[in-house]
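Chain naming follows the written order as A, B, C, D and E, and within any one chain the residues start at number 1.
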Amino acid sequence: MLVDQYNPFEGKMLQILDPDGNVIEEKLLPEIPEDELVRLFKIMLFTRVVDRKALMYQRQGRMLTYAPNEGQEACQIGSAYALEQRDWMAPAFRELGAWLTRGVDLKTLYLYWYGNEMGSKVSEDIRILPVSIPISSQLLHAVGLGYAAKVRGLDEVSIAYFGDGGTSEGDFHEAMNLAGVYKTPTIFLCQNNQWSISVPKHFQTASETFAQKAYAYGFKGIKVDGNDIFAMYAATKEAVDRARAGEGPTLIEAYTYRLGAHTTSDDPTRYRDDAEVEAWREKDPVKRFRIYLEKRGLWNQEMEKAFVAEKEEEVEKVFSDIEQNGGTVFDDIFMYQYAEMTPILREQYAEWKAFFQERGML
Amino acid sequence: MPVFNNIQALNYALMQEMEKDPSIVVFGEDVGYEGGVFRATVDLQAKFGVERCFDTPISESGIVGMAVGMAINGLKPVVELQFCGFTYPAFNQIISHVSRMRNRSRGRYTLPMVIRFPFGGGIRALEHHSESPEALFAHIPGLKVVAPSTPYDTKGLLLAALRDPDPVIFMEPKRIYRAFKQEVPEDDYVIEIGKANIVKEGEDLTIVTWGAMVRDTLKAVEKANEKGIHPEVIDLRTIAPMDRETIIKSVKKTGRILIVQEAVKSFSVASEIIALVNEKAFLHLEAPPARVTAPDIIVPLPRGEQFYMPHPDMIYEKINEVVNFLT
Amino acid sequence: PSSAEGRKNSFTEKEIPQKVLATPVARKMAYDLGLDIRTIKGTGPGGRIMKEDIRRAGESNEKKPAAVAVQ
Amino acid sequence: MPVFNNIQALNYALMQEMEKDPSIVVFGEDVGYEGGVFRATVDLQAKFGVERCFDTPISESGIVGMAVGMAINGLKPVVELQFCGFTYPAFNQIISHVSRMRNRSRGRYTLPMVIRFPFGGGIRALEHHSESPEALFAHIPGLKVVAPSTPYDTKGLLLAALRDPDPVIFMEPKRIYRAFKQEVPEDDYVIEIGKANIVKEGEDLTIVTWGAMVRDTLKAVEKANEKGIHPEVIDLRTIAPMDRETIIKSVKKTGRILIVQEAVKSFSVASEIIALVNEKAFLHLEAPPARVTAPDIIVPLPRGEQFYMPHPDMIYEKINEVVNFLT
Amino acid sequence: MLVDQYNPFEGKMLQILDPDGNVIEEKLLPEIPEDELVRLFKIMLFTRVVDRKALMYQRQGRMLTYAPNEGQEACQIGSAYALEQRDWMAPAFRELGAWLTRGVDLKTLYLYWYGNEMGSKVSEDIRILPVSIPISSQLLHAVGLGYAAKVRGLDEVSIAYFGDGGTSEGDFHEAMNLAGVYKTPTIFLCQNNQWSISVPKHFQTASETFAQKAYAYGFKGIKVDGNDIFAMYAATKEAVDRARAGEGPTLIEAYTYRLGAHTTSDDPTRYRDDAEVEAWREKDPVKRFRIYLEKRGLWNQEMEKAFVAEKEEEVEKVFSDIEQNGGTVFDDIFMYQYAEMTPILREQYAEWKAFFQERGML
């Protein structure tokens, strides 16, 4: 098993595809059909298009805060690809690649960053919890989802996404511990992107790896090259399979990098060197997957140009639709506090509605 | 009809409802094998198995956070936090998620769940075991806060909480867990959340109270009755959403109001009730709305607790003061 | 009531009117009777204007209906 | 005299006091190298070294709990919690220890420390970044809760907080961090904790407000002035302990009171102020005490925030309503 | 170093004195002068006297809740003995042995369980924080104490006492992590007494040992026979020395057993077998230390009888004094909320005082 072969205490990290697009562990290469490989790469490219457009809109003052994804595509897409439709995902806030892989529609995603709760209402057939802003709080939800699946006899696993900084919160610990005690079918996907806003990972913990933290909870952890989609898929698939087989939780440390700013409110040049960023650009997950596919003759420049152009247009359409109709409906801010409005809410609803109506603000 | 004290009524209601609703799971520290430090969950594990009634690590944030995920995936979690003072480690999960999931997801994810804990002082316990934090929960949009005062209400309100589509904070006045018994119907019945109970009708003064203070208040009222004063006593039952109608109607009748609570005075539930009657019944007020509460101090250890807990005489005196206020 | 309207206009002058002590019920009673509570002498504790004071003032007003407008 | 906005005044006060008092240490998430996400602590690490101004892991309970130990062992910790919504993970340490150490140990251990965080909405931020949790802190015995509204006050109140022998919750209205500038004396001065500020004298109505709402209130008051209505405006400055004297004196003069707050309405600071005036100035009340607040809902994401934040017209209308009541 | 020799991942546990009072690791036996050995044993016996008396008073309705110490004397006394007067201790609530070792006077200790805050006011020369009821919250205070010592250049270490159940709380994690990051001179002393009220340790965590949890935080942990006073002293002394030398924190798992009830409100027969308790009685820390001393000719039955009788009398005197004068002074409940009473408190103080005075209740 990978989790045993790649013991984090021995300084090992799983890598299958190297930064230059070479397969360095042929026997570990997952068997993925060619059309699926292309589909995955398209999701990756699409993720980047959606990401850059969001940034642009934000700079133009048309989008609110946004948390860039660039650099973390492989760890998100590779891991999400290992899940089935029935599996549950508890995200933090920077999971664009995973969201798109699992089929969340772009409009919903953009609506969230546009500042409308409707962006947290994914369709009924998609099992993803809303963005969780309080760091690592969602890990516990993943454990609960897994516990419920287990006692209800459902063949569902849960996965939680979080960052290196997320491992410092008490909730990370409580979630890991509970998952260990109840052996829930849960995958903890720590995206170690080296930074928590301005704080580098060695100020988050004195632990050498994040993966080894699993051993404090009676289960295993593995450190994976997070910019290698194959390694990410392989490690997650193994964890998912083990979870399904009743073998409990796994912690995956995806060793990756946030190439962009923390959010659009952040200026990373204040706290990190360009050189570091450039070095990580060399390890770009998109680049290495592209080279691999090109070498296999599955992809080329023209295909990329056409695909990107098509997607850019699509994105623009979606966003302009949002700009037309993406405002929050007044009623919605009262409607969903409870299944039924309480008497005081009904009263306030009427009062506030009248106020804004009088002013033509609705 | 069985005769139960509060803790027995609670256990009975859980037992009955778990039988009916296989999605209910009950858990918390010492809740499983031991049946809870107050025995609220006794026999549930034996009866429904370890998956539906189980012990947890000492991990309040974990207990509540895990319940969030369980509720989303088809279970109805009933969690026990061992004491009022140990709700604080779970505040982030309660405020940031429990109260908000429905709204955040615009109805896509909802959290039918109950968070139970014993509250209030008077059992000569250690620090953090005697808190009355209802104001903290009541201030949070998206939560419902319930506090029964009798075995009958305990069963009815707990069943209502268990069937509520939204999260309910269920505060149990621990001082009266075993203070008295009452007939509790075997039949299914619920007490609507958000409805207060007029425990005693009267015309001279409205008294609003809840939890363990209901009994102390009734004692003071009895004394007042002997002097020909007839207060109307409202047991709030639900703190949020509050039964404003019942309070207002009563105050419009009596013109006077006194709130009796065990919590500290300032920024409290009592404050909100005063604000409410000002807003809705101001011109009916014949005397300043008054409160009998603990002083604004940290609950003392047991040897000083008697100075903290509202003394029955304080209630009695305040009744007189309010009723005798000249207008 | 129309008498209340009249009263409102009677205090356009800058001078701050004397504050009186009264419960809300008493104030309401004065208002309903068309009385300016500030013109009523309080006989309650600390000069508090009692409902009884207002009732009396109302009765004497009925006797002299011209005196509705203050001063 | 230097001219500063709120955040600059804050930074300036920290700078000055750290120079004077070597026991002060400043820390929190992104507080050190970066100088804070709002730049409140910028240059402090460069100036005082990494031991006195440093970054922490994402660990709010840890930050506050560690500060407790530091304060006991001779340091004066000033911790930043990055946003109002991230105070919740630290609630257990704040309620169970920060507020209680002096009392628990009967004065043997005391906690001179400051917990700072930005609060309130209006900056079009993500969820949990726009909360107004002052009522939660104010209800807790043993805490002091401060909320400045101007650069001058920010410096004066922060210095007072830094010199207070007890823990102070220092809430910074983030919407006006950079809204305007003001002359801030270089000299040492403190604004006493527990004293409100009469921002504008008047006789028709008392308005009590704090934080970012002070400016909105003053705008509405200006409009009222044009109509000949002259409210007295009190900037509370300290929420707990509240300056009851100033409020009562004003209400006795005006007979009417309106509270303007950004927090939700129920079980709030406004409720307590209403209870207070009922208790202390009941017979002076010529109109029902009123509140302009947010409705009792979860703060919406930015595209719905305009429906949540108290609208200046609401203040203006309520002023009229209260002033015209029964006259 | 012991922490390296006894790697918890290798299933090792440090033991020097076996249950029969034999020294099994001669070269690890700490050098403790004979009079000190006797003094330590006397503290141990005294602890047991104080403990049993407290239980008796409680059963008689004269004492409030009490948390029995029996079985945990060695791990508390051995560890506390490794500290200097200037070092800081952050206890949970069951640390009678440690408190007595560090010189807290009996009156103060009993006053606490009698229900009076004055029992939390240790004298100025003793550096022990008050009882901390919220599980594991005190670990963070220990880290802060250590941090302050470090930046103030003081040669002080801090130690936190907590239970096996305490490792499940978020605060345990945050404290361990912060101590690792700042390398504070802190000893985390986990008393694994096998139970958290009614919950056995394998429901607390799936981790095989508590000691190994340290490795998640970049420092070391060691599992020690907690009923062996020499092992406890040796392990703690090494940790203290390393902390003083700037080598940061250590986690010590004291493998021990709570022979009594959780507190006087608890009935352990409801959840655990007598056989288990009896088996652990064989490993009694007092018994094995006594045998060792007897073998060395430093102790005998007569000495014990005389000592216990003397101490029982002493304890009774102290407690009867408390029963006379141990009530809470009314003023105290208002006096210590703040350095100076706030205006509203002054008002309430007067109001409440008058009320109770009128009734002759003060």
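Observations on the structure shown:
Convention: a contact is a pair of C-beta atoms (placed from the backbone, for glycine too) under 8 Å apart; a residue touches a chain by one contact, two chains touch by 3 or more.
Because the structure is predicted, anything quoted here is derived from the model rather than measured.
The chains in contact with chain A as well as with chain B are D, E. Distances between chain centres, each the mean of the C-alpha atoms, put C farthest from chain A. Of all chains, the one whose mean C-alpha position sits at the greatest distance from that of chain B is C.
Here the CA centre of chain C is 41 Å from the CA centre of chain D. Here the spacing of chain A and chain C, counted between their Cα centres, is 70 Å. Averaged C-alpha coordinates put the centre of chain C at 72 Å from the centre of chain E. Shown for chain D are the residues that touch two or more other chains, namely 56-57, 59, 61-62, 85, 88-89, 92, 96, 103-104, 127-128, 141-142, 242, 266, 282, 285, 288, 296-298. In chain A, the residues touching two or more other chains are 117, 133-134, 168-171, 174, 177, 181, 203-205, 332, 337, 344-345. Counting partner chains per residue, chain C has residues 22-24, 27-28, 48 touching two or more of them.
Here the touching chains pair up as A-B, A-D, A-E, B-C, B-D, B-E, C-D, D-E. Chain C makes touch with chain D in their complex at residues 4, 7-8, 11, 16, 19, 21-24, 27-28, 31, 48.
Across the complex, chain D is touched by residues 88, 90, 117-118, 120-122, 124, 129-130, 132-134, 137, 139-149, 151-152, 154, 156, 158, 170-171, 174-175, 177-178, 181, 332, 335-339, 342-345 of chain E.
Taken in their complex, chain B has these residues touching chain D: 61, 85, 88-89, 91-92, 95-96, 99-100, 103-104, 127-128, 135-136, 138-139, 141-142, 240, 242, 264, 266-272, 274-275, 278-279, 282-283, 285, 287-291, 296-298.
Those residues of chain A whose C-beta lies close enough to touch chain D in the complex are 64-65, 93, 112, 114-117, 119, 131, 133-136, 165-166, 168-171, 196-199, 203-205, 265-266, 270-271, 326-328, 330, 332-334, 337, 344-345, 348-349, 351-352, 355-356, 359, 361.
By the touch rule above, chain A contacts chain E in their complex via residues 9, 167-174, 177, 180-181, 183, 203-208, 212-213, 215-219, 248.
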